[in-house]
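Chain IDs A, B and C follow the sequence of writing; residue 1 opens each chain.
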Amino acid sequence: MEALRAFRFKRENTVIDRADPRVRALLSVSLAALSLYAQSIEKQLLIILTALAVAAAARRLKRLAGVIKAALPLSAMIFALNWLFGPGTGLVQPLVLALRFLALSASLSLFFMTTSPDELSLLLESMRLPREYSMLVTMSFRFVPTLALDVEAVMHALQSRGLELERGSITRRVKNYLYLMVPLIVHEVRRSLMAAEALEARGFGSPRKPSRYRELRAKTSDYLFIALLAAYIVLFLAL
Amino acid sequence: MLHEGNVVVQVRDLYYTYPGGIEALKGVNLEVYQGEVLAIMGENGAGKTTLVKHFNGILKPTRGQVLVKGIDTRHASVAELSRIVGFVFQNPDHQLFADTVYEEVAFALRNFGYPEHVIESRVKWALNLMDLWKYRTRSPFSLSVGERKRLTIASVLAYDPEIIVLDEPTAGQDHLQKEKISEIIHLLRLMGKTVVIVTHDVEFVTEHVDRVAVMARGKILAVGPPQRVLCDPQLLREARLVAPQLVKLSLILRRHGILNEGEYEWRADKLAPKLIKVLRSGADGGSPGI
Amino acid sequence: MIVRMSRLSYRYPGSEDWVLKDVNFEADAGEFVLLVGPSGCGKSTFARVFNGLIPHFYGGELVGEIEVCGMDPREHPTYEFAECVGFVFQNPENQLFFTSVERELAFGLENLGLPREEISRRVEQALREYQLAELRDRSPYELSGGQQQRLAIASVMVMQPKILVLDEPTANLDPFTAVRILALVRRKTIEEGVTAIVIEHRLEVALPFATRMVVMVNGQIVDDGNPAEVIARQKHVVGRPQALELVERLIQAGLSLEVEKPSPEHIALSIARAYKVGEHAARRKRGSPG
């Protein structure tokens, strides 16, 4: 459930939050691309540190550190597999691959951590995606925490009637988790029907061309940001 | 009278912080006595549901202790505690899943490992009690809102827990269902169950409970008989509770000198004769007040 | 008449039974119509006829005459009613789609295709009027239940509908918050002449605001009129708040009471008035100066 809670977007008021979401997307994509390009341990570490520095500026250092920590086991596995079965013999190549995984996770999480579903939909709309699709994205993100609460409620209700989710063999536990699915699916189908009604009642789906209350507009600070990012990339490549 | 000897749930200095960091309970102390009907009241977000979710171990204390019949909830599973504390959740849609009404009620009994013939008699008993036996082969989802609510109560009653927690049993229920729920609570009392009701419904509370615990902002502000707690305007204001209708009315009558200080009735059939007497004596030139 | 329905009947697709049977209903600007009845009596179905969710969303067969804002819901899709009928549902969670209050308010206006300046003007006004300004950037899960419902109302009211339909808007709220939400709706009916159709089971909460009460049983309107009188006739169906029961008992005892509104406050005042009148008459009888 903790994983689903992470979708509860928390707005902060930092330099990073105030930047245009397109700039943040560019930042994350650039870091990811650099990580894919870079072949040395130092450079991968540099990308991870950069991501951490940006997270610190956005006051989300702890959360990003959490993401990296969560990615560690998988990263260790990548390392072990490459070390044992990889084409090379040295430790460098497996380590680079393992670190790259961390760098990619960190840079991409950075974007989702600092971008609200609303901003994401504006970003998609600015890329000329139709309103129906951008709404779909917004609403999926919006309803993830609600879904998490529903899962919890269903779990609590069935546990209270003696369903053991905490002990027993693996197959038994999996079977018990299946019990949760029935009320959950029924509940979510009802919820989505009600949401659909509410959307229609507020004029969604009208053939009239919808207007925009907010549109993304780059500010001077955003151009500065991009300049800074460009400088960073040049320096990184020159290293 | 109720006394220390038969405490069935003991809450000691309970703190609870949700994983998101919200501190929902801040030092709650409460004792639930055997055989009593206790209401826990307070505005939305006061911590009522969080508190009762500790009674069967769904939530475990961040700090402090909850003892259910002497068992520390931290060291017992939800399933174990649920045999003692039956929990009826607010929304039936969160828990109904079986193909038939019968299976829905049998579910908990099977989990607790009862033999089939016991299950059969218990299910029959519980469904009859809730007036649902006639629907035993129907799908739970085909029942009306009120019937679904009663089905969730039946599914808990079937395994005969000693303590029964009802979370907002009257919320969103119509007049007839409310009356039925009143009857059920009366029945539970006759069966000697300990009943804990989380509710907003003051009028309902005045009729049915022995004690009221008033919560606000994660703390218990007062515990006592409804006659005392629900007639304390200052307490009600602090907990953002609405006074029972006739308490409100009596307060105004007191200001006009029609009722005496500290005189309350919350049933119309009790208050009416008093008022009739005063109003008539007023007309006859008698002294104001009673 | 902003709403006019006559001999209206409806059945869901694939069903033989009519859920609404020969309903005749009219409503005027500024009315606060309290719609009550047992669960499953067809109230929610009835509410969904106003903006054409029935029949467009649900399908089925709607017969009879109907006119809402001069339009027949059968001939106009639901989105065309957005500017005429604001619809607020029981669970605010399901009608809030964005992660900021501001965007939520703007959504309906965007769908109407209004120019940005106008959207901005109305959003700012709503933020002030509904006391949401400080919550501007909050997402729904950072709002309390009452704030969520206030936002849900605000986000349909920005479209300036003439009719506001609320389907059990306060079922999940404590009475204190519920009263504040309904007071807000009442203000809209007084200040802007909005017609409110409100479904609510708790009479104690809703009565002080209602100008009219409609009782529905089995898909038929069985009573319609002054709330206090309707309750007196339909108490077996809708229940009766203690304060009104008191009034009836006093009147039965031969006291004359003039109750302006069925709230405990108004009733207390009318009792106080009757008391003073009685006292005054008694003093005159004794010949002492008034």
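One rule holds for everything that comes next: contacts are C-beta pairs under 8 Å (C-beta built on N, C-alpha and C of every residue); 3 or more make two chains touch, one makes a residue touch a chain.
Here the structure is a predicted model, which is why all the values come from computation and not from measurement.
Participant: Chain touch graph shape: choose line, ring, star, complete or other and state it.
Facilitator: Basically all the chains touch each other, so complete.
Participant: Using mean Cα positions as chain centres, tell me which chain lies farthest from chain B.
Facilitator: A
Participant: Please compute the C-alpha centroid of chain A, do the same for chain C, then give the distance between them in whole Å.
Facilitator: 42
Participant: In whole angstrom, how far does the Cα centroid of chain B sit from the Cα centroid of chain C?
Facilitator: 28
Participant: Please output the residue numbers of chain A that touch at least 2 other chains, ranges allowed.
Facilitator: Residues 8 of chain A each touch two or more of the other chains.
Participant: Could you say which residues in chain B touch two or more other chains, in rising order?
Facilitator: None at all.
Participant: Note which residues of chain B are touching chain C in the complex, please.
Facilitator: Listed in rising order, the residues of chain B that touch chain C are 42-45, 144-146, 171-179, 200-203, 240-242, 244-246, 248-253, 256, 258, 266-269, 271-272, 275-276, 278-280, 282-285, 288.
Participant: Using the touch definition from the top, list the residues of chain A that touch chain B in their complex.
Facilitator: Interface residues on the chain A side: 1-2, 5, 8, 150, 153-154, 156-164, 166-167, 179, 182-183, 186-187, 190.
Participant: Name, in rising order, each residue of chain B that touches chain A in their complex.
Facilitator: For this pair, the touching residues of chain B are 19-20, 53, 56, 58, 77-79, 82-83, 86-87, 89, 91, 93-97, 107-108, 111-112, 141, 155-156, 159.
Participant: Spell out the part of chain C that touches chain A in their complex, as residue ranges.
Facilitator: 48, 51, 53, 56-57, 77-83, 85-87, 89, 91, 93-100, 102-103, 106-116, 119-120, 123, 137-141, 155-156, 159
Participant: Per the contact definition, I'd like the list of chain C residues that touch chain B in the complex.
Facilitator: 37-40, 90, 144-146, 168, 171-177, 179, 201-202, 204, 237-239, 241-243, 245-246, 249-250, 253, 255, 264-265, 267-269, 271-272, 274-276, 278-279, 281-283, 285-286
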